[in-house]
Amino acid sequence: MEMPYCIPILTEQDIVTARQMGRKLAKDLGYGMIFQSRIATAISELARNIFLYADSGSVKINIIEKEGKVGLAVVAEDQGQGIRDIKKAMEDGYSTSGGLGAGLPGVKRLMDQFTIESQAGKGTRVEIVKWRD
Amino acid sequence: MQKENLLTQYQEILQAYLQEGGENQLYLGQQLSKWLLAGNVPPEEVIELHLGALSKKTEVSEEIRASFEMLTEIMIEYGNAIRENRSLRSRQKQMESEFEIAVAMQQTMLPDEVPDFPDLDIGVVHVPANQVSGDYYNFVQREDHAFSVAIADIVGKGMPAALCMSMIKFAMDSFDESSVKPGRMLHHLNRVVERNIDPSMFVTMLFGRYDTMRHRFRYAVAGHEPGFLFCARDEKFTDLEGKGLVLGMLPETCFSEKEVALESGDMLILMTDGVVERKIGTRYFQREDLLPYLHAEIGLSAQEMADRIYRRLLLLSNFELQDDYTMIIIHRL
Amino acid sequence: MQKENLLTQYQEILQAYLQEGGENQLYLGQQLSKWLLAGNVPPEEVIELHLGALSKKTEVSEEIRASFEMLTEIMIEYGNAIRENRSLRSRQKQMESEFEIAVAMQQTMLPDEVPDFPDLDIGVVHVPANQVSGDYYNFVQREDHAFSVAIADIVGKGMPAALCMSMIKFAMDSFDESSVKPGRMLHHLNRVVERNIDPSMFVTMLFGRYDTMRHRFRYAVAGHEPGFLFCARDEKFTDLEGKGLVLGMLPETCFSEKEVALESGDMLILMTDGVVERKIGTRYFQREDLLPYLHAEIGLSAQEMADRIYRRLLLLSNFELQDDYTMIIIHRL
Amino acid sequence: MEMPYCIPILTEQDIVTARQMGRKLAKDLGYGMIFQSRIATAISELARNIFLYADSGSVKINIIEKEGKVGLAVVAEDQGQGIRDIKKAMEDGYSTSGGLGAGLPGVKRLMDQFTIESQAGKGTRVEIVKWRD
């Protein structure tokens, strides 16, 4: 496994950098325009949550392989306040309310895999994977 | 239809439209869009589809191609909304099936039949405005020569009203005195409702006991729409008066009892406010407006009379029921 | 944001992107798309917006312009799905508020406090897996030196379970014998459930009467998860055995009674199957696996013990509750 | 008021004709491309319901004026079996089930005014209006 790309998220420009990196890797892997955009969109949501609601955090992007399949894995991690009610944050309708965790159901539906861990006061970790068909 | 197939179809329709124009192709496009939606093709993929089909037919400049990248970006968010639509629909389906079971359970709380006495004819119409009813009625017979009747309107709708109704039914069934006194029954029910229900919710009720020997109806009222007594001799309807606080307002409430006597041919008409509350055009129906409709059906059986009044009132308000509707007619033959 | 404003913004972003390209503009595009959605701009209008902005920046051939007519046609159908989304959301909100009221009503059906006797210590933990609980428990005290306890699991979830629960509560309250015999109570409840509930639904229950003079617990079981009797002398838990059909299955069912005696220090542990039913990784938790957790907390007060057991079991299943959870501990001091 | 255009709906080609007529009138009235398409779409749905589920029927299109506003009114009428439960047909979710009345909630949301009357065994009458802003 290669070393992942890691983008610390401190400013809004870092969100753009993370998007760009995701799009580039997706393109290198041979994803079409839509998948490039979807990955950029998903990274954008995760990075924006860090930018808006956590003091610091990072987005790591990695090319992964499993059982002959190639995919893109993204890990967004922060040391923010954490999401109090993950179940609620993953419900539809909540996503439009704004606030921490907004947009997560949309991200989940864009990807093949989605895992989230969050502890109040300790931070949040979201991992997403999109496999190449 | 396969996604591949949809793609080919879109290409064909678009090419034909670019060649000849015409409404025909647009109509086919609309039909196709339903297949696309049903096939879970998100809007961002429609954009890609479009660009692909367009490129096969005509020159697409670099600039226009680039503009489609922006459009795709935008449409992914719209795609999220449409993907959410699917999950909202399935959640709604589940909630609705719960509602349906609740409705079925509510049905079992209503009495199967009306009391049967040789010199009485009883008819009932009970129609909920929505799936779950907030109106309730009940007949209880514990004595040979008397029965009790309750008619109630739960202020509040849907599931909470259904829960409240089941509570009232069982509180009524549990009242363990063989000869029921209406005032005492309301007193008992008031305590149950007050203790167990959200302060914002309350219940109006008329509860009465009909003595089939003496043909006297003794009743008490808790903030409920007054019924009518029809006197056959002078062909007049008078209000079944009675004052009392709605159930669930105060923990200790007293309900005074009234009594009326029925001669042969006389009738009791009990109802909920849903019978009266209707808008006709811009005008509101009044309680007095009801009287001609009642008069018009006298002479029929109690059930036929209740049915016809319901149908005529429904027609009047353009087939719309704004509130749950319940009417009970007790006719001394 | 105004629609006009959104239009201008889209033009600016698209023009900048066509000029310089770059992720910056795409990011702004994504942000804008959220505003567009929030501003109820349907996808067909985005297409129009796009064509308008594009035409200002570059030459758009007649053919490409015509292709946008087809795209608009398609997108109107997608717009319908998104417009429907709004109405689904508002319907869902309404349904959820009904659920919330029902949950609040359910709360009032649970006893406010546990029976108070000088030589007994009682603790309860009751946690619904979802909003609306299908577990129920109740304490009834009609005699000076005895109280009754019921613990039940309604098979079926959500609103229908809540309706069934209210029925059981009032059927229990209505049972008009001063000294309750557990077998007779289950017989009574079975008839109520059988008569009033959908055949697909049933209820498991343990009902017992604790005599605080003789410290004997007499109970009957209707298909319910067995409880435990903890014997302090030999520090062992034994099952509170008892067989009986679940409530609501057959109209006439008999429930045999069992009796156990408690010495000082002994404990009764009553529960629903939600205490046992949990998956740990890929393995299912077994009833025997519970015993070390019970043993570990002996010595605490009944409430503390119940609380700690709940927390440790919850941790074990990664904070997920797959079923409603109820545990009652009755400790003879 | 002018005489309305009337298109009897017997074949699928009649649906297209009705759409075209609606689009043309909308264009004459100065509606933009989107409104032209929306009116065509709405007419299409109504005409298709007639074509699929009623033996005969017609679509009338009329330019109307009221309080200085100009609009397009469409009346779709048939002598078919009627819609048994109008309330149900107007609920979301039903619209995708196909069958008589499918798509009506979508049509309603596209227009400014929508009225429907239906009697079992006697037919259905839908009237829609779209005002020019």
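Letters are used for the chains, namely A, B, C and D, taken in the order the chains are written, and counting of residues starts over at 1 for each.
Please note the rule applied: contacts are C-beta pairs under 8 Å (C-beta built on N, C-alpha and C of every residue); 3 or more make two chains touch, one makes a residue touch a chain.
These figures come from a predicted structure and were not determined experimentally.
Spacing of subunit B relative to subunit D, judged by their CA centroids, is 29 angstrom. One finds 46 Å separating the Cα centroids of subunit A and subunit B. The distance from the centre of subunit A to the centre of subunit C, with each centre set as the mean of the Cα atoms, comes to 30 Å. Those residues of subunit B in touch with two or more other chains are numbered 26, 30, 69, 73, 76-77, 84, 88-89, 91-92. Across the assembly, subunit D contributes residues 37, 40-41, 93 that each touch 2 or more other chains.
If the chains shown are joined wherever they touch, the resulting network has some other arrangement, not a path, ring, star or complete graph.
Chains touching one another, given as pairs, are A-B, A-C, B-C, B-D, C-D. Only residues 13-14, 17-18, 21, 25-26, 29-30, 32-34, 36-37, 43, 46-47, 50, 54, 57-61, 63-64, 66-67, 69-71, 73-78, 81-82, 84-85, 88-89, 91-92, 95, 98-99, 101-102, 104-105, 108-109, 156, 158-160, 162-164, 166-167, 169-171, 173-176, 192, 195-198, 201 of subunit B touch subunit C when the two sit together in their complex. The touching residues of subunit C, when paired with subunit D in their complex, are 44-45, 48, 69, 72-73, 76-77, 80, 83-84, 87-88, 91. Those residues of subunit D that touch subunit C in the shared complex are 32-34, 37-38, 40-41, 92-93, 95, 105-106, 109-110. Across the complex, subunit C meets subunit A through its residues 23-24, 26-27, 30, 38, 89, 92-93. The part of subunit A that touches subunit C in the complex is made up of residues 15-17, 19-20, 23, 37, 40-41, 44, 93, 96.
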